[in-house]
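Each of the next two complexes has chain A plus one other chain: chain B in the first, chain C in the second.
Showing the complex of A and B:
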């Protein structure tokens, strides 16, 4: 058990290192110069002042050092918890910007991932034993899961937001409101939350439902099911076993899908101008904001790694077969 | 009489029509009898075994009746059959290695199975039965993956016989085992009968030499029909049906070197059961065939307990 988790942690550590390094590299290899764009925003006319400002900013962001030095400094300050200062929202620290956006992203992601997984599995298992459902609703599942997130998001925004006018299509709450714990604000929050949530939920739901339906059909043909049936075990017991065994690949699937879901959420946020991490990434790219981009990516990498680790642990708990490989007498 | 099968017909539904895998089979198995059921693949022996406990989705019960201890079994009624399954008729499947739910500890699975059938799981009895097949009670706290193939097979044998069924069907249970395990399994089956855990038994196999060691009687099937049924030693030493004769002579003998005399098989192939020919189905491969064989021979008793379906078997 110890060796298993030791090995896992090592792999996660390595993944983290590589991912963070790539995060550091990406903005620096993008075309454009962040200091230049800050200067043009400042609108200073005198060349001498511009030169002075350029030198000041370049030194402040540490962009005058050789690349390897920048890289080492980056790790140094990262380990101290310092993500640098945002260029776009200068002089707000990147960590503050991220902390403000994170609740929105998590508020979208966690319910849509968990609910779609739960509901999709239930529904798939249910559809697997009803022919009319299998024939009518499952094709819809295929269409849903093949739909790109942003396309469904645009479609939903158009149909329910613009045409039907039921839901707002942009922002996290009404533009005329201030963040507070009042009912009006919470209501507005929920209303704005619904469409991005629905678009994420529906796409993922279709995928899980199809996967589960196939797994259940496969499990119900398995030898242990035939044996139980030959011994007259009631359908209830057989289905319980089949569901329990069919869910295992779905747990793995969840681990594999997490990254995709996060990416989908980022794109969906952009469609709905939802002020989460996806929105931040777009702004960071448009404003050549190295530090914000690094910080956001870092946060996403950490999130996905933690979620994967939780699933790894959960898998060991639900599937006894993974435990036998861990050495020692099981 | 424990088991009475009368003119049983079970067909498979396929896209090309009905495959008459079991076409009018009449026989009985006495209380305490271990009957070996032999035949080549496609002869209908597995179909017969399955029909008696659970028809699979493609099988259709076309006609005939099956009586077990005087009660008629509703073969085509899946829920009606549940009353008989496990308690009256039980199965050791061909796939014992994968017959246990991989994610449940064996003891827990057995408990859940018994409870779902309205039986009270008695741990002490279960442990005693495991001991009978040479397993320690520790296996109850293990997952199937932690047992060897032979152990899993023995667990399945114990589980299947837990409610003392009056008929136990063992379907090709030795085909995946090595010779020493085959012997152990055969002995275990005998033990079940001798201790009264199981009243009668039907051992389906294509290995006549193995079933000969434990069976009281052997029944041979050919192309969906019965060819011959006789006490085991009579069937092996003095078979009367030409098919059985050739089948027995195709078995290797101890002490004979097959360098000089090649072991012969039976030339030809069994007929398609999609549209089987009329009359005796072995006719085309039979050296004794004559005009009367165009008519189907009855499965007649030619000596006490010896049934043969052949016109020339007097």
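Showing the complex of A and C:
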């Protein structure tokens, strides 16, 4: 058991190091100079003043140092928990910007991942081997899972937001409200949350439903099922056994899919101007905000790694075979 | 039959599924949909968190990111309204009438060749109750002694600011740059000495300045990632002194997410004033959507700045003024104005001076030297200067035979400009000049532009202000530095023009004739040398609705004429006065 988790942790540590390094490098390879762009937006009339400001801010962000030193400083301050100061939202610390955005992203991601996984698996299992349901679930599932997140998001925004006018298409809550614990506010929050959630949910739902349906059909033809049937076990019982076996690849699938889901949430947020991390990343790229970009990616990397770890643990719990395997090895 | 039902089932099920999903997930949210519908705008005022619609002014078009600081020295990224609603300026300037009106100041005059005396109003207080005095003004100007404060260069020609009494200040200068000084008088936001004293340079320039204390009509209420909320405060000095009052109790400035969102909010009357550029707004103004603009016919908007096309004069063949002139004649500006903008903008005067500065345009110069779209003339100019098509591809080569292939750069994503760049490219090609439109990322564009590594670039950095001197400073400033970050992107060197520009700076603003004499000479140089081609005037994008607030500025006879905007640095050009003229639509 210790060896299993030790190896996992080592892999996660390595992944973390490489991912963070790449996140540090990529923005620095983009053409342009963030300080110059910031000052260009500042539109200061006097070249002399601009020159002084440029020197000041370049030194302040540490961009005048050689690259290797910037890289070491980056790790140094990262280990101290300092993510730097946002250039775009100067002078807000990056950690503050992220902390404000994270609840929105998690509020979208966690329900949509879990609900789509549960609902997708249930529905897929239910649909398998039921002729007309199967005939409909399969094509719908394929269409949904093949739909790009943003496209479905735009479609939903257009249909339910613009045409039907039921849901708002931008922001996190009504512009006439202030954050508070009133019902009006929570209602508005829920209303703004629904469409981005629905677009994430639907796409993922399709994928899980198809996967589960295929797995169940495969399992229902396995020898142990035939044996159970021959013994005269009720269909419910047979299906329950099949479901338990079929769920295992779906757990692995969840681990693999996490990254895709996060990416999907990012574009969905952009479509709905939902103030989460995805929105931040877009702005950080457009404004060449190195520090914000590093911070958001760092957060996402950590999030995905933690989620994977949880799934690893869960896998050990749901699949007895891994446990016996580990016991034998240790 | 079997086959058909197989095909039909998915379609049917899709409908059922989506219905089931929205119903099912709706119940998983903390409140039902009926509750949520209250967010639409009609929330009861009794509810603690909501802003009553009839007391709230919704604006947008200024912020492109969450409000991050309330520091009036950061004139470019402080929260909308920090300068204007909270911190105020000594004077107001109305660009439409070219008039200065005393604001925090009571009067100001040149009392000597190099001395300016400023009198302040009495009985002005900061929002924390402390009196506003000469010390605050002197303190604010002396902050400019810090190198990173944007108005630091002022101190290269200002010698001192001394207090005579609590209401009087004497400024003395080493050079009397009248035009620039007039600009400082209405652009510098005055900050309270008693709160800012003792702040380090870093805190002054890079401080967040939460809970700003100013002299203006509004105070900080709250903010979030997508909005900035100001609340009206009691005891604004202008109510007593000038009998002016701002009607909206709350101003909610919405952070732009996209122009589509702004358009949607505007149509739903969720927005009273949109300062976004909304393509196609002309159709909505003509229709019955309740959306108004300053003019009810083209160009719909007041003009705010000029889009220029810079030649990199340090490169061949753009170092040849004949070539530059030929390009100027080859550009079909009308097609940009009509085709790209649908008449929301106006074609530029050959001098590039905004319509508000028309009196400084020497019509004698423009009638002889001015240019307009004329491809034949462009071809003629090219031929005369030795640019010929030698290889028969329809595009000219330089007199030495070198191939000419130029790139016009425009930031990616600026769709209207990208379209305009394509028009320029195609009309230049029709005249035989190979110009390709290219769309790098904004940051990359700034980089090559400042370093002088471009061929052609569009730019509109300089906004309307009190003096055309700003435009000539933008065109002719010398010396050319390694990085040209705000002016003279084309690296055009003309000593005479720069001398004249400095000379213009020292003419008193009241001396229109004196200014015209200098601008006429500058226009002659500009049109003879053509270092830059003025293309069109961008509008002061502004769309208003009458559902909650009326009496917006328009061209109608009895309406106010202030610029209808809350853009940064425009509140002191009339934006605040616009707020004082607003009236509730419901008569109450």
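We take it that the second predicted complex is superposed on the first by the 324 of 330 C-alpha atoms of A that agree within 3 Å, B and C clash if a C-alpha of one lies under 4 Å from a C-alpha of the other, contacts with A are read in each partner's own complex, and residues count from 1 in each chain.
Everything that follows uses one rule, which is that a residue touches a chain if its C-beta (ideal position, glycine included) is under 8 Å from a C-beta of that chain, and two chains touch if they have at least 3 such contacts.
Just so it is clear, the model here is predicted, and its values are computed rather than measured.
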{"item": "Which superposed partner A:226 touches (first chain B, second chain C, both, neither)", "value": "first"}
{"item": "First, second, both or neither for A:243, with chain B first and chain C second", "value": "neither"}
{"item": "Per-residue contact with chain A, leading partner among chain C and chain B", "value": "C"}
{"item": "Partner chain in contact with A:319 - chain B first, chain C second, else both or neither", "value": "first"}
{"item": "Partner chain in contact with A:101 - chain B first, chain C second, else both or neither", "value": "second"}
{"item": "Chain B versus chain C as contact partner of A:51, first or second or both or neither", "value": "second"}
{"item": "First, second, both or neither for A:190, with chain B first and chain C second", "value": "second"}
{"item": "First (chain B), second (chain C), both or neither touched by A:208", "value": "neither"}
{"item": "First (chain B), second (chain C), both or neither touched by A:297", "value": "neither"}
{"item": "Contacting residues of chain B [partner chain A, same complex]", "value": "53-54, 56, 81-87, 90-91, 93, 95, 98-105, 112-113, 116-117, 143, 145-146, 156, 159-160"}
{"item": "Chain A to chain C touching residues, read off their complex", "value": "30-34, 36-37, 39-54, 56, 60, 86, 88-92, 97, 100-101, 111, 115, 132, 135-137, 139-140, 160, 162, 166, 168-180, 182-188, 190-194, 197-198, 201-202, 205, 273, 275, 283, 286-288"}
{"item": "Contact set on chain C toward chain A in their complex", "value": "5-6, 9-10, 12-14, 17-18, 21-22, 25-26, 28-33, 35-41, 43, 47-51, 53, 56, 58, 65-66, 68-69, 74-77, 147-153, 156, 205-208, 222, 224-227, 229, 252, 254, 257-258, 261, 264-265, 270, 413, 440-447, 450, 461, 463, 470, 473, 477, 481, 483-487"}
{"item": "Chain B-touching residues of chain A, taken from the complex the two chains share", "value": "222-224, 226-234, 236-237, 241, 244-245, 248, 318-321, 324, 330"}
